[in-house]
């Protein structure tokens, strides 16, 4: 175990995989000389040289497609798209090509590419630089989408993603890069497709992913002090989605709230709520509620940004409302 | 009232709006000389000339952005993107620009643009030409998204979309163009943002939109003969979403099935199911089920395509399962 | 035809001397096979044996044959959706190609792709793509992979990327040219200029109708030659590929031709003028090459007819093969989607329950 | 500095004669205002009065002033995210621009946009955009609208679109050039070549580092001039705008300059060589223009200092204005999103119930 930040976990994992496999290379804007907009690739150009760490022009569609074509020939590119907002320019290559090439060609070829990209608002970057569009990718067959919430999962899932033969969208978050956590030493190959119980509980289930899990765990701790036992489910993988872990938790707690950084309508939480409605219907004591972003292009001014983004207070309020709606009595559970 | 096809309704509406307002113009690939890939714009170049009906090169991002900029100066472009699959190339302009420009600039300017585009599979066009990606756009604040299911709504909602000062994605479907229906004569300005009860019923609610409504109505008719009264809700508008109409229907019938042409995970139906779970929880007698596309890039071969797409048989099966799950006795309702 | 669209560079007649009769006959046999195959494909479409979109190489035969004569089996080929002829020349087989059109399990990709998506990894035929320009960045990436792994040289691998005139207006083309030029990638961008993108003539789709000059914003050289003579096309392609292999210099090769029929089999092309259509017919490369070979005594009429009969026979057998082949197994559909299986795969048919718990 | 990046065309010194002292003094006043404003903005960022990204025009002052001197109030301006100076020159006001950086209700767009999104419809300043290249298609569309509504001529409107060197590699730039060239739109694409896109030098981002030549794939002419002299820039811009107005000929204008500081205020630019940084400092346009005017007796040192003091005063007042301005009203947030209200608007704060029924 070593304590490190989410950023360090990513950096060390990239280094280890570059060392392990000659076919692995990194490609993206400003990842070499500039060491990455968010410094995830710091030091890697110096260590591995320009062949393995490829700085590109500002051509998201072009270099993402280049990565795809090189993967069809057996290379294993790890693409950095500076933020998920810019992935829109590359999305035809990601969704109409990377995701479909295998099926469209009868399963004869695979596209082992990883696309690392951070989402998330909260830095006053305004409307075009603050989005959480992971739900778009999570909808697409042929893609896998992971969204680790802590340094240990970041390491394990990035390793798994690089070794996976399918295109994997690896979702990061600007708000997580400095998060510290214990990370197991040595090689760690995580499992794509399964959720984790981030904290066990008996009274109510909070489902979240990526940065949202951090807030959910804080809130769960506060409720614990009030005698309310909150279980936190960390989705980790948005596609495939581990529906059984979610439903098992809700069958146990009989109450659920979803906490998501993205926007409410047609967001990640909609699928989670629908899943619970189908898989835990007879167990539910109250409607499944969603705590999500206000549906506005995120404004720049701090007070507006804060009002539009979901936070611990919002989650706390909705947990309380959900407990009340199901006539929850703390003492029954003590 | 005049009976006409969905295609004719669109064509006549475009003609009427071009006549009404000098600022309205059409722009897209092959809409003039070629008269439209699906002949929606037939005759309009001849009637209005190349200034009002603008053929473009194959540059979706470019001409969509051109339409946006012209709209900021007060023109009212109606863009045709040949199919929704190609909208991915223009999506940065649609989502990062058209949808955000107003808010990002403090509400000082609007972008009165309509993007007409058909989705849908079933023509053996294979993986890259058979998608239903409306859920992506329905997720985006700043956009409005409508998806009419019949010629009359096509006319009324296209008129409303062209006169609306916000960017509107107008979803069509390859499978609807030849659908016939009665269309009220004269100017008809529909209302964006409200759903319709396409058929009244008391036993179970089927929620659908666009082409799915046609299938839902067929199935409803068959059930009627068996003494089961199916109510069909036609969403019409995906953004804004008329949650109250959906929930009122389910509060009445206490059962719901969603029928959608798109893919299941994180699809339109997820939001509908989540909405019902929140707005009709105490009224539901059975889990809300979704009938949606299999999660594969759609294969070319007919038997595979048929197996992957949701149809009347699938809907019938799930309605029956839902009735059974809630111990429904036909006679109670006769 | 606009002046800008007249072929420059090598003309057909010139180069013939020095070609072995055998080679010329071979090219003619291949052109005829492509022609016969495409005519039959369109007939099968009319009979509803083939579905979806179906774009034919009619008028492109000399180009298809010349390009594929220049491309080594070890080179990589990326195409648009107008890909039947290329697939035949790359050895995917008339039977499997026809079976793919029929959507059968014996098709080149098992019926999953259809007309637009011919593919064969072994034969380094990296696929036909349906999104205009979509093949260009991956093709450029294949050249990147060649660079990554091997040195330049006469025997080095190269990539050929086929695209149409209308496709030169999409951003992906330009981003790819810039990357290829910047990184010195071994790739030849072949523009099959049939003067039309669906109904749009080149003059109305581009501000630079001399398409071979469209690399000038990236210091990428281009040449334009007549696409109606397989030898001319072959030689131009060989020169371009050589530059790519040896100098790692990306190149544009523009080939001038006509689209003999509509954009796809369902397009009557009413938007085309009588003159235009007549000019196209008058330039049909197949009879033209036949006459040339007959005049130069490489073929006599009898031999030429025999070549047609042989091609017809191959196509007949292809149709029989396709027709008698089984449909793909529905039960296998989900297996084609992902290469690496993980837990909770969303393998579900419409109407199946979403959550299944023990 | 790579040779390719040396300015060609008109050099600074040449053009000065014939300029009125008043005009030259005015340009200097404006350059100093931009400089003072940007230095203060970065100071305010350090004091956490400003958030988000903050890209400055330091080194670009002569270009900002020269371009805006050429652009008529009735012309349309589209920009990237490096837009403060342009906003000041277009008359948006130091107070409202600073207030926008502070995220205040009195900001040019009420605090909704911040540094990257200066906008003023009345002043035809159509916005700063944060997506690289995102402004180019809409700018081209503004030129389309001008064409749609009015005839060409000396008094016709035109569009100026500002973009950086690194931005010339994005597909949207190329698609836009093709459309503008094909449709003959009245637009000038101004490339502010400060030799870097974040940490990437021009030679490593493009296959054609002579950026003024990047219109050659679209028959769009280009010129490159020194961006350090407002008069040179103004004259080049006037000529380009004239071509756009009168001939409806889109034009590229490349202006050579240096980025004096990091990409944004938070970038220490450690990746830059000592020589590079020194060369940039040595070419600082503000002292250079001051010296030129002092030498040519347009200014004496005292007058020059007075100009600095006046600019400082304006900026001080701008900061006071911004600081004392109110925050935007949270209750108004949803009103800014849609222009046409319809039923069932999703106006909901996090944690609000999703379904509210009577």
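Note that the chains are named A, B, C and D in the order they appear, and that numbering of residues resets to 1 at the start of each chain.
Heads up, the rule we're going with is that contacts are C-beta pairs under 8 Å (C-beta built on N, C-alpha and C of every residue); 3 or more make two chains touch, one makes a residue touch a chain.
Small disclaimer: the values here were computed from a predicted structure and weren't measured.
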Distance-maximising chain from subunit B - centres being C-alpha averages: D
Of B-C and B-D, pair with higher C-beta contact tally: B-D
Computed distance of Cα centres, subunit C from subunit A, in Å: 40
Inter-chain centre distance, subunit A versus subunit D - centres from mean C-alpha coordinates, in Å: 36
Per-residue overlap in subunit D, given as positions that touch at least 2 other chains: 111-113, 117, 129, 131, 134, 169-172, 175, 178, 182, 204-206, 336-337, 346, 353-354
Contacts with 2+ other chains: residues of subunit B: 57, 59, 61-62, 85, 89, 92, 96, 103-104, 126-128, 141-142, 239, 241, 265, 274, 278-279, 289-290, 295-297, 299
Residue numbers on subunit C that touch subunit D, as the complex places them: 169-175, 177-178, 180-182, 204-208, 213-220
Contacting residues of subunit A [partner subunit C, same complex]: 25, 51, 56-57, 59, 61-75, 92-93, 96-97, 101-110, 112, 141-142, 144, 164-166, 191-194, 237, 239-244, 247-248, 274-275, 278-279
Contact set on subunit B toward subunit C in their complex: 29-30, 33-35, 37, 55, 57-62, 85-86, 89, 123-129, 264-265, 289-297, 299-304, 307-311, 313-315, 317-318
Complex contact set, residues of subunit A against subunit B: 85, 88-89, 91-92, 95-96, 99-100, 103-104, 126-128, 135-136, 138-139, 141-142, 239, 241, 263, 265-271, 273-274, 276-278, 281, 284, 286-290, 295-297, 299
Subunit D - residues contacting subunit A, complex: 51-53, 103-104, 111-114, 116-117, 129-134, 166-167, 169-172, 197-200, 204-206, 271, 327-328, 330, 333-334, 336-337, 346-351, 353-354
